[in-house]
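Below is one structure, written out as structure tokens; comments come after it.
As written, the chains take the letters A, B, C, D, E and F, and residue 1 is the first residue of each chain.
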Amino acid sequence: MQEEQIARGLADKIEKLAAGKEIKIMHVCGTHEYTITKSGIRSLLPKNVKVVMGPGCPVCVTPQAEIDAIVELAEKGKVICTYGDLLRVPGTKSSLYDSVGDIHIVQSISQAADYAREHPDREVVFMAVGFETTAPTTAAVLLTNPPDNFSVLVSHRLIPPAMKWLMEQGEANLSGFLLPGHVCTISGSEEYGQFKVPQVIAGFEPLQVMYGLYMLVKQIVEGRAEVENAYASAVKKEGNLKAKRMLSEVFEVCDIMWRGFPVIPSSGLKLKPQYEKYDALKKYGITLKGGAETRGCLCNEILRGVKDPVDCKLFGKACTPLKPVGACMVSTEGACRIWYTYGKAVKSVFTAKNTK
Amino acid sequence: MQEEQIARGLADKIEKLAAGKEIKIMHVCGTHEYTITKSGIRSLLPKNVKVVMGPGCPVCVTPQAEIDAIVELAEKGKVICTYGDLLRVPGTKSSLYDSVGDIHIVQSISQAADYAREHPDREVVFMAVGFETTAPTTAAVLLTNPPDNFSVLVSHRLIPPAMKWLMEQGEANLSGFLLPGHVCTISGSEEYGQFKVPQVIAGFEPLQVMYGLYMLVKQIVEGRAEVENAYASAVKKEGNLKAKRMLSEVFEVCDIMWRGFPVIPSSGLKLKPQYEKYDALKKYGITLKGGAETRGCLCNEILRGVKDPVDCKLFGKACTPLKPVGACMVSTEGACRIWYTYGKAVKSVFTAKNTK
Amino acid sequence: MEKLAAVQKMPEKVSLIHGAGGEMMQSLISGVFAAIRNNNAGGIGLEALDDGAAIPFGDQYIVLTTDNHVIKPIFFPGGDIGRLSISGTVNDLAMMGARPIALTNGVVIPEGFPIEDLRRIVRSVDETLEEAGCALVTGDTKVLPKEALDSIIINTAGIGITDNPIRDCGLKPGNKIIVTGTIGDHGIAIIAHREGFKFGSELRSDVAPIWKTVEAALDAGGVTAMKDPTRGGVASVLNEMARKSGVKIVVREESLPIRQDVRAAADMLGIDPLEVANEGKAVIGVEADRAEAVLEAIRKTRYGRDAVIIGSVEEGSGVIMKTRIGGQRFIEPPLGDPVPRVC
Amino acid sequence: MEKLAAVQKMPEKVSLIHGAGGEMMQSLISGVFAAIRNNNAGGIGLEALDDGAAIPFGDQYIVLTTDNHVIKPIFFPGGDIGRLSISGTVNDLAMMGARPIALTNGVVIPEGFPIEDLRRIVRSVDETLEEAGCALVTGDTKVLPKEALDSIIINTAGIGITDNPIRDCGLKPGNKIIVTGTIGDHGIAIIAHREGFKFGSELRSDVAPIWKTVEAALDAGGVTAMKDPTRGGVASVLNEMARKSGVKIVVREESLPIRQDVRAAADMLGIDPLEVANEGKAVIGVEADRAEAVLEAIRKTRYGRDAVIIGSVEEGSGVIMKTRIGGQRFIEPPLGDPVPRVC
Amino acid sequence: MCLAVLAQLKEIKGNVAVADFGGLTQEIRLDLLEEPRVDDWVLVHTGFAIQVVDEKEALEMKKVLDEVAAINEGMDNA
Amino acid sequence: MCLAVLAQLKEIKGNVAVADFGGLTQEIRLDLLEEPRVDDWVLVHTGFAIQVVDEKEALEMKKVLDEVAAINEGMDNA
């Protein structure tokens, strides 16, 4: 009940602060979306304060070409280890889930390496998705001599270059960013100073998110453009220096394509030459087939915050969580999936506010 | 009822003819054994006329090495086509039934060749077991251009050389032979003239078998040693000349090992050089591993008619139809299997004769 | 010590032969499932291993039975897994002398199974229910990954009502044995079809719900035992009835009703029609003086036209066949599922 | 036209999600199995899609239910497939208000299955029967080739008796919603165990036969609806009960009884405990003025100690959660089986 | 060895015939016969006709019956 | 991205620790931390500790409560 009081207090402040303005906030973290949705935060916010989801779900931004590659490896008899999130993401023809291969869901890359160690006769490939938070775990495992039958398909991406590219498009009508707390735990807050927009780093408990939103609305309304930290217990200015050292020991920055986006400069990670022996693509001679993404899918615009899922002609028709066309419909944190599942809850916001 | 009268009539004649003598007849045909067993013929015969089974079941005489070879081919991913009879025959480690391969039961080698034709992407191997009756069907298919993905593991054997070898052992206490009607349909009766023992060619209906037994007992009692034909409707003196021509076009005679026997000279068939491309062993580089047959198994002596299944220490203990040690326990017409399944019926013979 | 040895002889792993309805299945059941102590709700329970259980309720009995159906192919000449699943359970209830009332359907489907096939099965289920005069009242559906299961499995349980359950162990010396129709139709049709043998003429499964045939037999009076010769065929069922009843059954080969085409296919396949499943037949024991009346009543029903008396019950044990030529041999329960052979 | 379109939208093949207990399963059932016309034997039939069927018999009802059990692993912390198969059916009978009387067991075993595992399952079946006070009276055993099936499947059907069947569609505005214990224990334990995650402490399935808990609730009076939150979890069952009853259910997040370790594991696995199966719990609708009395009665039973009132019934539709921070959202039925996620 | 069944040739196309097995028909191969003719009775083994048999009656009980009847008489007279 | 959970280190062996997740313990890897110590509270993501957090309380409601209480008062006064 105390939590409820505090949340309502924050919501009231937000409403007062934002009165008369149209505010659109982008977060770039699937887990923020999850919290927002699961605790009904949108139902607490006034109509004129909108929260949209940016390119913050690693599953959503993994292009079909990379899915096709891991499916190809599965079909060639490699043991594929992956996080459960990626299981249903569709490639051109199939998802891992629908492929014929030997697919293991792991909770950690270190389970995948252990599996390879315990099964020296099998070839084990780990599908390494994730942003700054996850990439260091890949580095840590590669730095501790995994066995020869282990390799990774590196699909790591970096958040700030994507935000930069996004803002350069001009085409995104955004008032400010709620920054991803766990990404910043590794990368620190400094890097985000380059963006001259209101930004607040937030945690993931419902009240932490409410608190971050409150700080961000306040900053927007007050006309400031800084990086504020509402998650100071975990996020240091410099981030996790050891993790960053390990990252740069194993990886170097590269240009990379994002699903829904073109190639974004310096937004990806690739293995340095001395670790290339763990590169599954090189090891098994797989080339990523760039190619047309599915026609009609607006993932692109949705991730940029200029379209809503309901603007997509395929939404709920050709594209459903059961037969997703774009990745935004795949992840439980994908914008389309969330609108499909909880869409009606948006209505209940207003019902709630109108009837009370 | 008429059939019963006739059979009893024949049985009575046999009893009268054989009175005071110990007569032991060997048949060399699994289908004879099947008829004898299924129609309870032994229950009609007097105690002093015994009918035993010789090396007349192709499944029984196929050595482990050949089973091991076909299992190896199955494990290498070849499609194996086989007659159902062979399915459970144990090799050194496994039977086809227990192997992991893709095994098809066919009724005819021509189905196997058709399967190969319809599945040009699969490698199809047919396990060609059988005596003179079956070998011509293999020849016929090889003479009609089967596709390149088709080959055969030739396991054909000939009856007369085995009978010859058997008689040369001296160790078989036999009064005469009931000759295999369908083998003789192909090979004719002439060939058997070389054996100076009483012989009668018989058909397979219960009355035909009874009739053949009667003629044989009569010949034995009368001290003759000839080849008589009690199956004249199907068996000609010269046999099936066309089938024999096809046989000699495709095959040449070779020495070969029989399960329970050593290598018997000129008792096997191998492909002539121009048909070697269909030889599965050569095609896939498999060598037959000769080796010790399972210890303690008396198949050897049982097939020679000098031991009964119950003389075997393994019978019904380590060796049962579910876990057969020797092939005589595998085939429904194998002597051990028949004794295991119908053994009690032997008692019912005497019960029947004593209580009536 | 004897018994202990028998238990120890149980193999370590279940093999196909344990499911083939013969002796090995009996040994699996008696070696493993018989350990259940909570096996009886007051009437005929699990220990009886009859076609079903019977539970007293007021002055009647509720009969309960269950069967899993795992047939391949699922659509076959003369029927499909839907008709089979309803018939199998209706017939087990009938074998206990019970009028079938309500059935359940527990379906396990492999991922990727065509919805249209499912619809076809459901239509067939419904038609068979209609014919049998009972209802499918509750169900359950599970889906398994394609790697875990390769074809649909349907469990059907059911309840029926009877004043007087019929056992499979009620044979008495002097009884006659009736088979309600031709033997081996289902098993031979399935094997021929499954193995892809091309037969010009149509071998057809006999799968059918035969409650009305059984009802006619019961109404005629004098029925002492019933069992449906499914897995393991007539050979297996005769042995089980003889063993449980403590009697000997003597069958005359020439009286066995076997269709000409079934006989021909069986000869070609090297399979004994006595050892394969029937899915629309009953083996019925009847008091000798009621045998003709019961036979006549059965023959008047749709699925009983070819009924015959195939033998009789004597003191002793085992099942003996008097062969066509006057020989005799035991009819043994088959060890495993029959496989076509050529020699 | 609307309806036709919905039917045409049915996919061509069955997929795993059709078996996950959510909306897709409903659509499979209503699109395919609902075509059965012979679906009712006089009381509550297949059309109700309740926990079981009820058939009038004299002045009582025979309740009939069935479930297939396909769980992996077959032995798991807190139970095994044997205990599950008995509990699942006992509980479905209980959910209909019926005292469980007799169960069936239809087992499908893959070739190569260890006999010792089978013995262990059978022991567990027997212990659970003992605890539930009912009997396993008849069974069926099939064996499939190892290529055709990879793990044992057990179907359990069962009958129970009641004077007065309880429906899942009986909720009325004003009713209170009780959950008889902690939520998500089974599903979270299974997923954690199955995925090989190494948890030091023991997450345990709640699998149990809860007839005695249900009986206490019924004796206290005022129960309007019951359903057991198995596949699809509490999220699925609340939606089904609301939809069938034509009401809205409002649940308070903070009242939901979730064990500390289940919550922790669920957080780590990224899975919602509301969306996973429970195997020893009931969701019960009660008249408001009997709610406290029913709750008290439930809490006195072995499997009802952690029972709580989690919400109430209002006019309207859907299931709403009032979140801890005062927000609100729909609780939607899960689409498929939950998969662990890391982001 | 070796299971063989009696059948009658109904139709011949090259080295294949439709054969009647007593209520059932199946295609069989004729490669092993010199001059098969429609209505011939043949012995069929593993899908191949292996021999034309003299007459249908030849394989039926009739001939055996006669022979045996003769034997029985002969023996009884003896 | 990215699910992370709070846990307390209970036992450390090289780069692996047993961590308590509130009633549950699991092994996690410490590779990414400079100087982990038993009793430290850490954020765990995909089986790795990614940061030591200042205090347990830091991540709990308490701090937020206090801050927000202050804000509420401030605002109300404003």
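Here, a residue touches a chain if its C-beta (ideal position, glycine included) is under 8 Å from a C-beta of that chain, and two chains touch if they have at least 3 such contacts.
Being a predicted model, the structure only gives us computed values, none of them experimental.
Engineer: Please report the minimal path length, in steps, between chain A and chain E on the chain touch graph.
Structural biologist: Shortest path length, in steps: 3.
Engineer: If you drop chain C from consideration, which chains still connect to each other through contacts?
Structural biologist: A, D, F | B, E
Engineer: Once the contact rule is applied, which chains count as partners of both chain A and chain C?
Structural biologist: Touches both chain A and chain C: D.
Engineer: Using only Cα atoms to place each chain's centre, name the chain farthest from chain E.
Structural biologist: Farthest by centroid: F.
Engineer: B-E or A-D: which has the larger count of contacting C-beta pairs?
Structural biologist: B-E
Engineer: Name the chain whose C-alpha centroid is most distant from the C-alpha centroid of chain C.
Structural biologist: F
Engineer: Calculate how many whole Å lie between the centre of chain C and the centre of chain E, each centre taken as the average of the chain's C-alpha atoms.
Structural biologist: It comes to 36 Å between the two C-alpha centres.
Engineer: Centroid of chain C to centroid of chain F, CA atoms only: how many Å?
Structural biologist: Distance between chain centres, rounded to whole Å: 65 Å.
Engineer: Using mean CA coordinates as chain centres, what's the chain A-chain F distance in Å?
Structural biologist: 21
Engineer: Residues touching two or more other chains, restricted to chain E: which are they?
Structural biologist: In chain E, the residues touching two or more other chains are 1-3, 45-46.
Engineer: For chain C, give me the residues that contact two or more of the other chains.
Structural biologist: Expected reply: 11, 15, 17, 197, 268, 270, 341-343.
Engineer: Give me the residues of chain A that touch two or more other chains.
Structural biologist: 3, 6, 30-31, 57-58, 83, 107, 111, 130, 134, 207
Engineer: Touching pairs of chains, which are they?
Structural biologist: A-D, A-F, B-C, B-E, C-D, C-E, D-F
Engineer: Where on chain E is chain C touching in the complex?
Structural biologist: 1-3, 5, 18, 21-27, 44-46
Engineer: Where on chain E is chain B touching in the complex?
Structural biologist: Interface residues on the chain E side: 1-4, 15, 29, 31-34, 43, 45-48, 50-51, 53-55, 58-59, 61, 63-65, 67-69, 71-72, 75.
Engineer: Where on chain A does chain F make contact in their complex?
Structural biologist: Per the touch definition, chain A meets chain F at residues 2-3, 6, 9-10, 13, 16, 29-31, 56-58, 83, 107-111, 130-131, 133-134, 136-137, 140, 143-144, 180, 182-183, 185-186, 203-205, 207-208, 211, 214, 232-234, 236, 240-243, 246.
Engineer: Would you pull the chain B residues touching chain C in the complex into a rising list?
Structural biologist: Residues 1, 3-8, 30-31, 37-44, 57-59, 83-85, 87, 105-107, 111, 130, 134, 206-207, 210, 321-323, 332-333, 341-342, 344-345, 348, 352.
Engineer: For chain D, which residues count as touching chain A in their complex?
Structural biologist: Chain D residues touching chain A: 11, 15, 17, 24, 195-197, 254, 268-270, 272, 318, 320-321, 323-330, 332, 335, 339-343.
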